[in-house]
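Structure first, commentary second.
Labels run A, B and C following the written order; every chain starts at residue 1.
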Amino acid sequence: MPNYVVCKLTDIPQGEARRFSAGKRDVAIFNVQGTLHAIADRCPHEGASLCKGKITGLVDSDGPGDYRMERRGELVRCPWHGWEFDILTGKSYCDPNRLKVRSYDVKVSPGSDLAEGPYQIEVYDVSVQDEYVIVTL
Amino acid sequence: MSDTLTKPRAITTAGAIDTDVHPPLPRQADLLPYVDDYWKETFQSRDIDVLELMSAPERTKPYRRPDWVGEGDALVAMQKNLLDPLELGHAILNVVSGAHALFDPYLAQAVCRATNDWLADTWLDRDSRLRGSMLVPFQNVPAAVAEIERLASDKRFVQILTLAAGELPLGRQTYWPIFEAAEKHGLPIGIHAGSMLRHAPSHSGYHSFLIEDHIAMTQGFATQIASMIAEGVFAKYPDLKVVAIESGVSWIPPLMWRMSKDWRGTRIEVPWVKDSPAALIRRHVRVTSQPFDGPEDPAEVEKMLSHLLSDDMLLFSSDYPHWHYEGLDVLPHGVPDALLQKAMRSNALATYPRLGG
Amino acid sequence: MEATELDRETTAPKRLGVVDCDIHPAFSNPQELGSYLPQRWRDHIRDYALRTPNPFLGAMIYPRMTPGNGMRRDSWPPNGGPPASDLAFLREQLLDQCNIDHGVLQPLAAGAVTNNQDLGAALCIGINDWQIDKFAGPEPRLRASICVAQEDAAESVAEIDRRAHDRRFVQISIPPRTIEPIGRRRYWPIFEAAEHYGLPIGLHTGAFGQRPNTPSGWSSFYLEEHYAASNSLQTVIVSMIMEGVFERFPKLKIVVVEGGFSWVPSLAWRMDREWKRMGAEVPQVKRKPSEYLRDHFWFTTQPIEEPEENRHLDDIVRWIGADRLMFSTDYPHWDFDDPRFAFRTPLDPADRAKIFRDNAMQLFRLDQ
């Protein structure tokens, strides 16, 4: 499974998402409170770019009239139909068993490690002093 | 013409439960024995007599089956035309009364109460196969709850009736005490075709023709069910069942599909709705079989019914004395055998726990 | 059950150009519409506001789930302005990406639903000019709708007369939530004009109306309102058939827009069943109601229903007839359908060509 260096860590601010091409795939990388998560950047419903969705929490309730916002920043709502996906797993909130977005391994490596590893570097000139985001497809 | 037609297919109606049968509406004279002196005076002075709904008039001639029209004791006719030839186990009597549409909350209470007592005395007492739906004044929620409690010990009342179009969408909190009492006593809410005409029957006002009111009635059913789901009635009362009576059946899958899709995008508005509306409808909503809005080809009927993805929802009904079928051919052709067997009896027993004793 | 992912092609199919029957153009700013109105009406709106049956001025009675009153979150043009207000970005995001050869504009501005009928007529004239100036003139893929304020039939006919010669207008647009059921004779002059010019009438779901959105009054939630919108479309069909409109106007063609379509077969069966018994009440209805439905009505597909079992949609398409469905996106609204993915059941290629292109080409005479 190829590893792709897709960007510098500083390219994805906390609480935001960016879209990157890795090989033939478009990957959405989310920075959830300092931890990166990568999922395919296509809603499994009609194909919208999830990067352009709303990053939000899980709305839950104990009954009519009760509203609770949990898991802040860990869900994304599709920019089109508002379907919710768990950024950590790619699973649809409403239909977790049948509907999910593919999720990918993502890690951060110092530039000094990238000189030798089995990495495909498409866009970036790596400098040893920065940290880089690596996605495994 | 009625007896010459053979019973269709594998239907065994012996022991079946007919979930929608209509006695004639009570007249003033029928109700007077069941009201106190004040209401007796009021009924007589203010001409409180038969309360026939404009939206579903009892007198509509095209729906009166010619071989069933006659004078005399309506119960005897019902026995002869329906209960005996079909060898029914039970029939649930639904009085489609204008009591629902009265504005005076106390008059509504008096009419509901008198109608229930009249039904028990003059129908339920006279044929042990009969069961009844109770009328309660939704206009006066505390009185409605009191009426449910008053009748709860009489297990022959198996359901609470309301109409497909009312004053407020049915899921509103105003009505929750009624649902609480209903759930407690194992009484489904029966939503019967008909409108109180508190609001126009269409987005464009009042129709020119009764046929349009009839056709539009599915909008009433669909929006009542949608309201109960969205307001969280089934989250609050997880054992409550709702029966759509005389609704036509085939409007349900489109509601399931549309509402379930919308729910995925809008559920944050109503986060207490934790299952898809399609699943909630399959769990909580039941539907009587006549009238039946389906294709002519039985193979297509079977396809249409398969869209429900449930064998639990369909309940056999004749809608007696209304004219939907000939002879004893009580159900549309194309209902698969397995569903047919369940629809005749066991689905009703699962829906109406009080029928099981 | 196995998890599913969307592994279908991302690129637009090259072979089949699509016709999109429901695109919502927008003004770049509030002054843009004003510039198409006489000074008198600009002053009127400034001083008295644009009044509709909506209880709020400038806000939705059922607030939508996304900004811009329910827009796709990715539809704001990079150069500013609201979604679908920038032709260049609309070309890029919709026409090019979705391979749309022809798109029919459905303006939702308040001309048809404002309470002041003279203002409504002036708004319709302005909106019709604006569609041509801003969209259908510079972009030949886009076609316009003749918006009319239908409660004033005489003025509506006058506006149809003014526009009908311009083939960039391909239909007459009326909201379905008319003050009276639309089959009533007060609207017949509009039908007469439509038939005379061979223009279909498009009835697009309306968020505003004089009457509650359910026959039990106003629903509480947007989840309910979104479904209830199809109620008005059912009313349109039933009213026009039962009032005998198609006996009087046998060439009239009606497009039902943005109501989905899975409810249509059930409605057809119900009308026929009722008519079998109640036909004597409506002697003007000479044939089975479903036959009028079949002959006179077309349905746009969005928001497409998504049965739990995808194949159930095949039955619906077959019962309606693939020659009566026409694809639509509803761009730039949140419940947008993408032509590449909207049907989750594989369509027969011939049916696909009809639904995504040929039916609309023929109905709107788009190759002329």
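The working rule: a contact is a pair of C-beta atoms (placed from the backbone, for glycine too) under 8 Å apart; a residue touches a chain by one contact, two chains touch by 3 or more.
It should be emphasised that the depicted structure is a prediction, and the values quoted were computed from it without experimental measurement.
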Of the chains present, which has its C-alpha mean closest to the combined C-alpha mean? C
By number of contacting C-beta pairs, the most connected chains are B-C
If you average the CA atoms of chain A and of chain B, how far apart do the two points sit, in angstrom? 51
Per the C-alpha means, the centres of chain A and chain C lie apart by a whole-Å value of 37
Using the touch rule from the top of the page, what residues of chain A touch 2 or more other chains? 81-82
Residue numbers of chain C (touch at least two other chains): 65, 334-335
Where does chain B touch two or more other chains at once, residue-wise? 231, 261, 263, 265-268
Per the touch rule, the chain C residues reaching chain A in their complex are 1-6, 8, 10, 65-66, 72-74, 334-338, 340-342
So in the complex, which bits of chain B are touching chain A? 173, 231-232, 235-236, 261, 263-268, 271-272, 274, 276
Within the complex, chain B is touched by chain A residues 59-68, 81-84, 92, 94-95
Chain C - residues contacting chain B, complex: 65, 176-184, 209-224, 226-228, 230-232, 234-236, 238-239, 242-243, 260, 262-263, 265-267, 269-271, 273-275, 277-278, 280-282, 303, 305-309, 312, 315, 319, 334-335
Residues of chain A touching chain C in the complex: 40, 42-49, 52-54, 79-82, 91, 97-102
